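As structure tokens, here come the structures.
Common to both upcoming complexes is chain A, partnered first by chain B, then by chain C.
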Partner chain A sequence: MTAWPRRFVYGLLFCLPVVFLGLRYQRGEEAAFLPGRTSDGHHQIESQCSLCHDPFGGAKDEACLECHGPSLKARQDTHAPEKFEDPARSAQVALVDARSCVPCHREHRAEARLRGSVTVPTTFCIDCHSEIRQDSPSHAEFSDSGCASAGCHNYHDNRALYRNFLAKDRGSPRLRADPRVPTRTSAFEPRPTPEPDLPLPFGPDRKSRDGDQGPGWKGDLLTAIMEWSRSAHAREGVNCTGCHQRPSGPSGSAPGAVWTWAVEDTTCASCHRDERLGFRNGKHGMRLTAGLAPMSPGLARAPMKKEGSSRTLGCTSCHGVHQFDRALAAVSACEGCHNDEHTRSYRASGHFTAWLRELRQEAPPGSGVSCATCHLPRFAVPEEHARAGRSAGQSSQHKGIRVEHNQNGNLRPNDRMWREVCTHCHGASFSLAALVDAGLVAGNFHGQPSPALTSMDLVEKEERNEKPRQP
Partner chain B sequence: MRNRDSPEGRWFSQVGIFAAAVGALGCRPDPPPVSVDEAAWQRRLADALHLVLSADREVYTSQVVNRLQNQEKVINASEHWADDKALPLPAQMFRMGAEQVRAKTKSFTYALVSLSPINKQNRPRTEVESRGLTALAESPGQNYYAEEVLARARYLTAIYPDRAVSEACVTCHNDHPDSPRRDFELGDVMGGIVIRVARP
Partner chain C sequence: MALLGLIGLLAVALMMGGRELLGISQPWRLVEWEYLLRKPLDQQISGFAVVALVAIGLILPLVRWLGARRRALWLWRTVHASVGALAVAGMAVHTGLRLGSNLNLWLSGAFLMLCGLGGLTGVGMGRARASRLWLRPVRLLHIILVWPALALLGLHVLASYYY
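Up next, the complex of A and B:
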């Protein structure tokens, strides 16, 4: 081939892909540039490259910490980056640069993922803790790859796995004498519902003035009112205008208010701020945080039911539109989408039996175990947190027991769930053995855990042998 | 003349580029020596930092931990202070401050190290730290100063004796199950405060 035709062919080969990819980029189809399958934790936001990457700058730790930082701090990160900024640790840092997230969590490298999003070999702990066998004789027989086995150590969160914490629960029974989780308090501080300063968009005959096809109107008004009348909103005095009335313009710019049939999640957040924050931190709401359309079951990688796969997730998708029934949100809403073995097995479990007994008021509040009991755990809001929230004008911040709406927060490693949830009802030996039994977890704890060596066994062994452990 | 596109030509080009790169690296200037004034100033800076750190550490140990835990028995100090609703141990207090500083600057760092640490992560990690702690043990009244290169960065490393200033130090270190040494007495050197000042 002579020079010009050859150059033309090569030029075309270069230009066509550039133009094709450029057009896709311009149309916002950033997913076309993904160099590999993203991790399960990030696949929902994989089309937003700029969330993690700077143009030509790679992924930044700041981007990781913007989402994961608060959780790491709250969980007292055992290996926080600043521990490795000590120049004396430079030899260790040369082996694993623990000052940064990416060396251990390399995204788009499905073939390198060993556990969850971790892409370093399971033996990496030994790079720094090479003398553990001499320091702790109970570890003398362990393999280098076993440190992060379930129920032993975690890299970031070890709040449930240190010796003294476990030792306090030594000898505890399988089921405690009064197995109950804390009962949640009101999810918001009551505040006056605004007086309606506009005619309600329906008349005495309860027919919509806009007609049944009016904007945002989707159902029967009588049903809506009946559902609302049985809700916590009705009991607390939050009536129709509390949610359906909004200012006619930006704050303070225009007097009066307008009626709105469609209620945004931001309206719920005006009272339920913490709940919305948790929701947006978890897999149910992370797409909203990223500025994307809401999550829907059809986008999930986890097994979901086909029916309703296009529904979108928001406050009302779990809580209902007017009934705001927590029992519905705690079990049926989850079962409406999730279709994995763990979910399908729930109704055969002792946890479900306990849940039914609580619903029938045959057992005290907090004794039942719904999906939400474990996956949306209760947490105490301390008084100082409440005070800071109030002074900042955040009405939802108050002392009490609240529900964490980030349902992923305690999933991995699952001993987080032990500390936050299981320990209310079960002793350490039993629940740690249950959590390391993958089959039992999949079957929703229907049965007894297989015998397994857990951290508790080591603690008991050490306590029996007593100190000193060092020469 | 040799054809530049021939395999031999490409080989010569690659060798040429490699030789030029080696030459360029070899010709780069050495880092300027630290002047006497600068070295003395860095040592004074390390000494001043140590004065502040050791004063705060001694006050926390004696006026907070020892007073509230050992004398007035108001609240305990615990390694797991958050869960136990207790005071952080003096070594933890020191380490938390050191980590906050490390997150904000690389111009200086400080740490607590010991030849007989309860937390094994506080062992000496560099040759200078080991030599310094040994020197402090042999001559307790002296500080130890050395030049150190770590990860291609130069530091003035100063190591100061860390003594048992109150009964709380002695009882905790002698009674802790992980303590490798159990014969400490009041005033003993238990370890060293290492301060590193980065050199330009």
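Up next, the complex of A and C:
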């Protein structure tokens, strides 16, 4: 080959990767630049690098805190960065720079990733808490790497293991006398339903037209109306136009309204604001928060059923299009997609039996345990947000009880669930032993926890060893 | 030259299968490798050391183009082969014996192929002229691979700072 053709080939080979990757970047397909497998928590949004990374600025703490900040604040972060700004802690900061997120949570480092997406050696607790062996004789024989990895301590939220909290519940029975979770109140923020100001685009015998109906709706209008008539929407006076009518122009710009067959999730959010917010904070809705297409089971890493893997997640994918049946959403909707051992074992569990008894009204409200009971836990809302008196039979100690729609908010580590959910029905010691038993968790708590040394045993041990205090 | 070529080939083989070997023979060492020189500053130092070695390696084609004498050419060939083997060792430290994903995987692949073909060329150079008919295409491929490898290396450095 003579010099010029040869140089042309060399130039072409040099330019090829540059042009190829440049075009990928320009189209927003930045996955080609991912340096390693993204963590399970972030893989859904991995193609949107700018969510976490600033050009030539790296990954900033602000980006982490935008999503995780409220949760850390609500859970009273045990190791908040401010604590490490104290110059007296400079020696500890030299060992583990706990003032920011990235030194301990380096993303795209699958090989070095531990529980909780931590990428520092498992002995990092002992670097600062080396005195623990002297102060707590019960911990004297534990390995340096066991603090967080054995399922006991949680760096950011150690509340589950507060000694006083554990000691208070010591000796509590396996099942409490009145095992019930708080009963939820209405999920509505009241909003007047608009009166139809245009003729409805259908008659009683008209079928829905293909292509312009809401997502997933295959029924005819009569079925839709029948389903709606049995729903909470009908009971609350939310009729067809409440969801299917939208303003003809931008808000406030033009009078009148137009009929729309497809109902966006934002329409649901106009009444169910908190639920929508929770949904978007969890793994089901985080892609929407990131401005990406909705999540679908086909994109998940967790085992999912093949059928319907392309369905997209939104309000109606779990709640249905017109029936809005909470019982359906609480179990069958989950089983429709999830295909892991824990989900498959649910119907053989005592929790499911309790759920059936509640549905048959053989047991009081709140005594059944569905998927949603644990994974979408109920939480009390301040009085000003509550719809006091709207729902009959609500517990008097809660002004308002809503459902947290961030379904993985209490999932990792699972001692969050222990404090927020399990202890409503079970004694602390029993539920803690159950949650550390991985086999029992996988089998959806069908059986009894294997005897294991739990934090409760350690509290007892500590108290036995403690010398009586001087008066 | 043949010995340096063999060392280069061995380094490439170790880089490609090192993690698996370590995982089988000394799995506890694998954990140490995860944290060894993987802090951002450490990685910048090891990364730029590899870039410097690549730059030194590129002096050989430059002196050839400038028409160096035979003795000088021999000297630069030795330097070229040595820095090639060293660059693979530097890559092992920089990556923790990983080949990476996506862009990094393409770069690792191109770079290891480049060094492997370079090692083969070195082995071929040490053999009698009659028994090295295969040398010409191997050397040509080695030279051709320099260009995409350089482009990918540049993109890797750019992406490291951009993200």
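One rule holds in what follows: the second predicted complex is superposed on the first by the 413 of 471 C-alpha atoms of A that agree within 3 Å, B and C clash if a C-alpha of one lies under 4 Å from a C-alpha of the other, contacts with A are read in each partner's own complex, and residues count from 1 in each chain.
Keep this in mind: a residue touches a chain if its C-beta (ideal position, glycine included) is under 8 Å from a C-beta of that chain, and two chains touch if they have at least 3 such contacts.
Here the structure is a predicted model, which means the values were calculated and not measured.
Of the two partner chains placed around the shared chain by superposition, chain B is the only one that A:Gln76 touches, whereas chain C remains out of contact.
Applying the stated contact rule after C-alpha superposition, one finds that A:Arg37 touches chain C and leaves chain B untouched. Of the two partner chains placed by the overlay, neither chain B nor chain C lies in contact with A:Gly291. Judged by the touch definition given at the top, the superposed model places A:Val93 against chain B, while chain C stays out of reach. With both structures placed on the common chain, the touch criterion links A:Glu85 to chain B but leaves chain C unconnected. Contact with neither chain B nor chain C is seen for A:Gly28 once the two complexes are overlaid on the shared chain.
Within the superposed three-chain model, A:Pro451 lies out of touch with both chain B and chain C [touch as defined at top]. When both complexes are overlaid on chain A, the residue A:Arg159 reaches chain B alone and has no touch with chain C. Of all the residues in chain C, the ones that touch chain A in their complex are 31, 34-35, 38, 96, 98, 100-104, 106, 144, 146-148, 150-152, 154-155, 159, 161-163.
On chain A, the positions that touch chain C within their shared complex are 9-11, 13-18, 21, 31-37, 49, 53, 55-56, 58-59, 108-109, 111-112, 120-121. Contact residues of chain A toward chain B in the complex are 76, 80-83, 85-94, 131, 135, 159, 162, 164-165, 467-471.
Against chain A, in their complex, chain B makes its touches with residues 79-80, 82-83, 98-100, 102-103, 106, 109, 111, 113, 120, 125-126, 129, 148, 150-151, 153, 155, 177-180, 182, 194, 196.
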